[in-house]
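In the two assemblies presented below, chain A is common to both, partnered first by chain B and then by chain C.
== the complex of A and B ==
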């Protein structure tokens, strides 16, 4: 069971349960396929998903998952109650055009997102999912947009720290955070802070030497989960080339993409 | 030097370990905690960055692990059993450590902070610096109360990076900057820079290679500039010949024959009348139309 990506991340047997996975999308690349693959993997294992989307609408994920795996995300959300979403793009649009009090009090008196209230919403959705599903995956796509919305780096880090507490408060919860990284920016600080505490780090970047029709980009996976003296996997880094196609993603060892086509 | 600090033969009131995401310091930090716990000291680990569960399964049971991670901003409003987080929200790092020292049992305390980075983001550099300075003063005045502070700082994840790191390095009595991390399962030696401020004011700087064993013992040695030393004189021709099955060397007869070989189109010695310098020697073939006349003679210039 599992996508090729889940095998590369080492989660093909047990899934993401109890782990914190950080996805760093370096400027110029697109790591959305990682989120989509993880969603497919979780849904096929009957895990619940709590999706906090800041970069794409829910419809985007629905279309992508339909192409990749024939999963109907709308049906899973409305009928099976397997998916809960917090669409901050829609919330922002409603807030901008809302003249009276908005239904969600996500905004504070300074018209900025209240991360405390957002965490409260996430926690409630996780609790709701855990009633029907023993394992839940919380996905934040993408955390750097909090900075674009005017949330301070300190508050974003506090939000992520509280989201990490869900892994210990509830059994069976995992966390995936995607960060878009631009060097010499607060997003770089955000990614570095997350990298220090994540169990697994996935770095997605473009080829340094240019474009290729055979390879879309480079994926580096670093597993830090086993942090005790007997582990052989501590801080080990694996490098892959990947090619994103319409309905699938292929992974290769560096230099072998031509051999497999 | 590192091994003398981890074994506590050399005392340092405030030790700061600088690492980055690629070269984490977790094993070195665990080593300090483990070795302190083996001595007659009360060891406190304050968790600002990681949950308590991470440390409880790794460390000895006699290490006191304190939670300042799970509710550092008071959002959960559930802190009846854990007043320490409430103290942290109001008074910062200094308040937390003073609270621990006030409930001591007479043993000297060693306080280990899993990361200063969340503290810097939460309370700012000024407050964090003042708190550390106050704690350092306590440690210097009364070692029986606060024997040592060990703190980790992520050099790639702190706000106002250069100011923060310079201030922390200035404050600490010992700074370990990790260049290459070592773990019990890594095959090679790690590398770090040590800066130690002695009691008399003298500053010692050293680059060291270090290795942490599975029992948390530390091997360290000063890194020399000359990495390789010739262990014995080895005949280079023999060494090269051993690398391949092809015959790469020449016997004496072949060497003499090669030295006597005259290569074509090279001139042996100089013609008479020529003193040297750059000359072009042209020997025309039978088919060449050689004309000694200057082709520009007919120009009226």
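== the complex of A and C ==
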């Protein structure tokens, strides 16, 4: 049922329910395919999705999912109420234009975002989705933009910690946080803090030695839930090479991409 | 088979509006417009996608970045796009007056660097083989002659607005740099008044080209935090609009490399110029055909999982009177015995402190 990526993440059987997934996109790479694959996987399992987008527009996700799996995200949002969105980048634009009357007090007059208010919006949307869907996946893409907006690292971590409490407050909620990581930057510290409390960590990076026509980059998966010390898989990270195409993603064991194509 | 019996119906009309100087991408139907350098368009996937930010990391002296900036504006004038020109370093009005003149396609072929072929007497079989094409061939965009200025009458057809910080006090307001705040406000009003958002319905749809020259230089203040905040807000303004923005940033003046990477992440396309001027490479025979190296750091992935992959990432640029071109980097052929070879020959008889030619000691 699952995509190759969900098999690699170990969520092909039970799904993402109750898990906290940290996706670290190292500078130069693009982890958009991880988010798109997780969305496809969740939607096919009839899970609800609460998408907090800070980098791309909703239209981008709609087009990508249409190409990947023929799922109509607009329809799922408007008719089936399976998808709820908080488009922060679009709402920032609207806020910049509204001079007196603003739809909600997410931003102050200096365009600084209120993380408390944002969390209450996310919580309300999750609550709404849980009425019609037994499981909901909260996706934040990409958390490093909170730092770009002038939110302090402490406030971003508080927000993510509050979002993490949703996993225990409601049953059937999962959380995915994508962070664009730049070394010697606060985003690195943010990613480390998120990874510290996450159940599964996915690191996406480019090839160290340059460009390849067969491989787009490297994906490293660390599953901390499999913490049985007697197990052979304890604290083992799985390494994959991946090739991103317009409609699909192919995963390979390192060195086997040429053999399979 | 009669057409009346088929269930096929030709799709009438298109969702992509026709705007002069634009074309839809063959990959994702995204509307593209030219940078003003046709070879650059090809390497970045056809052109700049509408609604995106294009970052040029300037060369050390900024000469070639300034030239690319002028080509971008000149292409806007030729395509009759609206322009919003921003600079603190130079007078934007003067910059528009100095835009280069476009070259007719016919004249371009006459001035091409591929000269008339010599008659081959010995290797005659190779006479009709096509020469190696390092520069892609395209009909989209124009070439410009930098020795001649554009006709002022052509500029009067275009709605051009300017922004420089002459009247702005550079003191900080609410922790934010006043320059960035004022510039953002001017761009915001320009987009709103010109009805450039996709939800607007103007009489005639057009594209707004925003050009910001030397953003983040010393004149903009030293704090990179404001620059990053400005870029994020600008990104939010441009999404879902018929605008493009080209920024040149002197990244060698930014203290922290992490801030440069953050700027690259906030822009959709990021390229870098490295001029040979003033460096050892200027006199290196390997690079004698080029004026600098061209790096593609990021390409846009709009409405798609993957971005365009150019044929090569080893690129160089050269400037001629009638053409600025970006080409795949090729080393020149080894046609004659080099100095290295001569040294190798003399190496076997050379003494420790002697000159191999004079056979006498240097001291």
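FYI, the second predicted complex is superposed on the first by the 249 of 261 C-alpha atoms of A that agree within 3 Å, B and C clash if a C-alpha of one lies under 4 Å from a C-alpha of the other, contacts with A are read in each partner's own complex, and residues count from 1 in each chain.
Basically, contacts are C-beta pairs under 8 Å (C-beta built on N, C-alpha and C of every residue); 3 or more make two chains touch, one makes a residue touch a chain.
Just so we're clear, the structure is a prediction, and the values are computed from it rather than from any experiment.
A.B. asks: May I ask you to decide whether A:245 touches chain B, chain C, both, or neither, giving the answer as first, second, both or neither?
C.D. replies: Touch partner of A:245: chain C, not chain B.
A.B. asks: Contacts for A:36 in the overlay, against chain B (first) and chain C (second): which applies, first, second, both or neither?
C.D. replies: Touch partner of A:36: chain C, not chain B.
A.B. asks: Now for A:207: first (chain B), second (chain C), both, or neither, which partner does it touch?
C.D. replies: So A:207 meets neither chain B nor chain C here.
A.B. asks: I'd like to know which partner A:119 touches here: chain B for first, chain C for second, both or neither.
C.D. replies: In the superposed model, A:119 contacts chain B only, not chain C.
A.B. asks: One more residue to check, A:154. First (chain B), second (chain C), both or neither?
C.D. replies: Only chain B is touched by A:154; chain C is not.
A.B. asks: If you stack the two complexes on chain A, which partner ends up touching A:81: first (chain B), second (chain C), both, or neither?
C.D. replies: neither
A.B. asks: Return first, second, both or neither, reflecting whether A:97 touches chain B, chain C, both chains, or no partner chain.
C.D. replies: Only chain C is touched by A:97; chain B is not.
A.B. asks: Looking at chain A, which partner touches more of its residues: chain C or chain B?
C.D. replies: Between chain B and chain C, the winner on chain A residue contacts is C.
A.B. asks: Output check: A:68 vs chain B and chain C. Expected answer is one of first, second, both, neither. What do you get?
C.D. replies: Only chain C; A:68 stays clear of chain B.
A.B. asks: Going by the contact rule set out above, which residues of chain A touch chain B in the complex?
C.D. replies: For chain A paired with chain B, touching residues are 116, 119-120, 153-154, 157-158, 161-162, 164-165, 167-169, 189, 192-193, 195-197, 201, 224, 227-232, 234-235.
A.B. asks: Residue numbers of chain A touching chain C in their complex, please.
C.D. replies: Listed in rising order, the residues are 27-28, 30, 32-33, 36, 57, 59-60, 63-64, 67-68, 89-90, 92-93, 96-97, 110-111, 144-145, 148-150, 180, 182-185, 187, 210-211, 213, 216, 244-247, 249.
A.B. asks: Would you mind writing out the residues of chain C in touch with chain A in their complex?
C.D. replies: Its residues touching chain A are 27-28, 174-176, 184, 188, 192, 225, 228-229, 231-233, 235-237, 239-240, 256-258, 261-262, 264-266, 297-298, 301-307, 309, 313.
A.B. asks: Taking the complex as given, what residues does chain B use to touch chain A?
C.D. replies: 20-21, 24, 26-27, 49-51, 53-54, 57-58, 69-73, 75, 115, 117-118, 121-122, 154, 156-157, 159, 181, 183-185, 214, 216
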